[in-house]
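Scrolling down, you'll hit the structures one after another.
One chain, subunit A, links the two complexes that follow: it is found with subunit B in the first and with subunit C in the second.
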Partner chain A sequence: MNDLVKVEQLSYRKGMKQIFNALDFSIQSGKIIALIGENGSGKTTIMRLLAGLALNWKGQILIDGCVVGTKTKSFVAYLEDKNNYQPNQRLEEIISFYDRFYTDFDKRRAYELLRFMNLSESEKIGNLSKGNAEKFALSMTLARRAKLYLLDEPLSGVDLLSREKIIQSLLQWFEEDSSIIITTHQLREIENIIDEVLFLRDGKIILHESLETMKEVKHKDLEALYREVYEI
Partner chain B sequence: MDFLTDRPIYLQIMDFITQQIISGKLEPGAKVKAVRELAVALATNPNTVQRALQELEREGILFSKRGLGRFVTKDTEKISHLQDQAVGQVIETFFAEMKKFGWTQEQAKDLLQEYVERENDL
Partner chain C sequence: MTHLFRLFYSKTLFLAYGVSLFISFLMGLANVYSGRQQSVDLSFALFLFSIILYFILFFVLESNRIYQFFRTSDFRLLPISTRKLYRCNLLFSGIVGIVFFIGTFLVSVIMNYTIINIPFQIGITWSGIIVAAIDIFVLFLIVQFLVYLSSTAKYFVQKRYRWILEIVLFIVFWILFEWLLSFGFDLLEGNMLHYFGLKDNVYSKVIVQLISACIYFNLSIWVIDRYMEAGDR
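Let's look at the complex of A and B:
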């Protein structure tokens, strides 16, 4: 299988703080990966680096063979923690904006997702509940026919049924030869949908394994692995 | 469907489909749902579903037709063998559990017999 993401000897600092030093990892295409770590372990920074939003890093970051930058943004879809919409914008206006902005955006799929999420296109973004706003943001991300989806905390602060809906939408709409990297603290809820888990601590990857292999060999679930890795 | 978290999910999906075949919910020769559809229905990873179906195919429980999808075997002997295996497993578990309480196989059998008769009287 091909490496969709290849990170080699990556170093990155923010101000005086060294966040990563000689980080290596790779991700194959067609996988759903959980990026797990305590708060401040560097999860969001990895997402921003892969999304091409962090500058002045050293080493190598390749996505589908291209160095991360303007070009890779056209096939990397990033779901951020916060969004920058105007509160009085209607969902359909935002969809049209995305459609003009991203060449890989599939408008038909965007409306399919909207219906699946029970959202109305005439609704103003500012009127959505937190859960619905999260569903909408995710819909816009999944409506792109991207090669890599970066989902930063898509399940945080969202009620149980919305979380289930979000997980269903991932399984339904993610492209077979693309990959998803998802950060979350909701271990139980992503347990069954991920291929591999990547544990991060203090800017280092301390475990990168197939979850099915862990279950088969160690009879350990995600939570047990988490405890093993983080409890000292 | 609720999966146990400490056992590989592909094995649990294999068990689930095998159960459906044994119980007749999936009949001999019936088409099995596509990978994506099953993944959404079971809320599980598509690669894991794919692996389960491939393993079932390797065991001859499913077979695939190019471009048409996967189907349940038409080999009824194979299916009744699966049935025997399942029955064997349940009974084995029963006697093993009873043994933990100190009952011999003979005693456990009598207790089971009594239980069935009592239930039928109600």
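Let's look at the complex of A and C:
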């Protein structure tokens, strides 16, 4: 399989603070990857760099062979950890916004996802609960037929049933030729859907493991491995 | 391009322009019903006040609108280059600015001159109007650039010293603006005018201002792309 994401010698500085220094990793297409790390380890920053929201990095970030920038934004779908929708916007207005600007946006799939999430398109964002707003934001991300999906904390602050719904939607609408990078602290819930895991500490990838190796060779679940990696 | 304009549209923004237009109208109304005899000086003062009020509002509202646009992740994630987004934003500001300027101008002239039979005379030529419009455009680009610079300064300067930096930045760029303008103007007037056969020095001023506009436009895009992160907390 080809590398969908290739990060080489990535250095990134924010103001006076060095966030990454010579970071390397690659991700193949067709995989669901969990990006795991403690708070402040740089997970969201990696997502933002891959999404093209910050460009003052050094090194190389390639997505499907293209340097991160305007072009990659057309096939990378990014779900931020906080949604930016205006509270007075109706869901259908946001759907039409995506439809206007993203050529890979599938309107029919968006409505399917809304039905799956039990959301009504005439609802206003401000009237949705946190869980429903999160489900809607995820629906908009998954409604794009993107090559790479970046999901930053899609399960945080969401109740159990909503979390289950979100995970079900990932499985149902995930396409084999795309990849998902997901950051979360809910390790048990994502354990059954991921293929690989990347452990991040202090701006460095300290372990890149496939779930198969983790379970069959190391005989450990994700939580046990997390403890091993982060407990000193 | 029109589908981008829909992103820039804001009810609050238009309401603010509408209020400014209404204030111009009210001031004119006060002049119309003034008990004392209306004078040319008073009419001119009210007219000038309306225009200045409009420009302050335009600079504050439009600078903030464009800044907030580039700070919004949803817009920055669009597969459209920053150059195109910035260009369209400026065009939108230009269209809105011209429409409301004409509105303010007409309301002020009608209320302060036409209705009370005071002859309105403006001692400016068409070329003067064009130069003034370009001056305002360049100043707007400079203000934009300063807004982006000061927003990125938070990563490099402590919060308590940031206001000092903003003042220093403004002074430096104002001096630079004036100096570049006069330097370029002298250069063109001395050499290029003769070379290109331009007889009127208005042309040289326009050329210098357009070069400045290009510089500030590109610098702003560079700062937005590299240092102004959207949705960053």
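Throughout what follows, the second predicted complex is superposed on the first by the 232 of 232 C-alpha atoms of A that agree within 3 Å, B and C clash if a C-alpha of one lies under 4 Å from a C-alpha of the other, contacts with A are read in each partner's own complex, and residues count from 1 in each chain.
Assume a residue touches a chain if its C-beta (ideal position, glycine included) is under 8 Å from a C-beta of that chain, and two chains touch if they have at least 3 such contacts.
Quick caveat: nothing in here was measured; it's all calculated off a predicted structure.
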Partners on subunit A (subunit B, subunit C) - clash or fit: fit
Which of subunit B and subunit C A:101 touches, first, second, both or neither: second
First (subunit B), second (subunit C), both or neither touched by A:194: first
Contacts of A:52 with subunit B and subunit C, given as first, second, both or neither: second
First (subunit B), second (subunit C), both or neither touched by A:212: first
Per-pair minimum CA distance [subunit C against subunit B, superposed on A] in Å: 28
Contact residues of subunit A, present in both the subunit B and the subunit C interface: none
Touching residues (chain side subunit A, partner subunit C) in the complex: 14-16, 48, 51-56, 70-71, 73-74, 78, 80, 82, 84-85, 97, 100-102
Touching residues on subunit A, where the partner in the complex is subunit B: 30-32, 164, 167-168, 171-172, 176, 188, 191-195, 212, 215-216, 219-224
Subunit B - residues contacting subunit A, complex: 3, 5-10, 36, 39-40, 42-48, 51
Residue numbers on subunit C that touch subunit A, as the complex places them: 3, 72-74, 76-82, 154-156, 225-227, 229-231
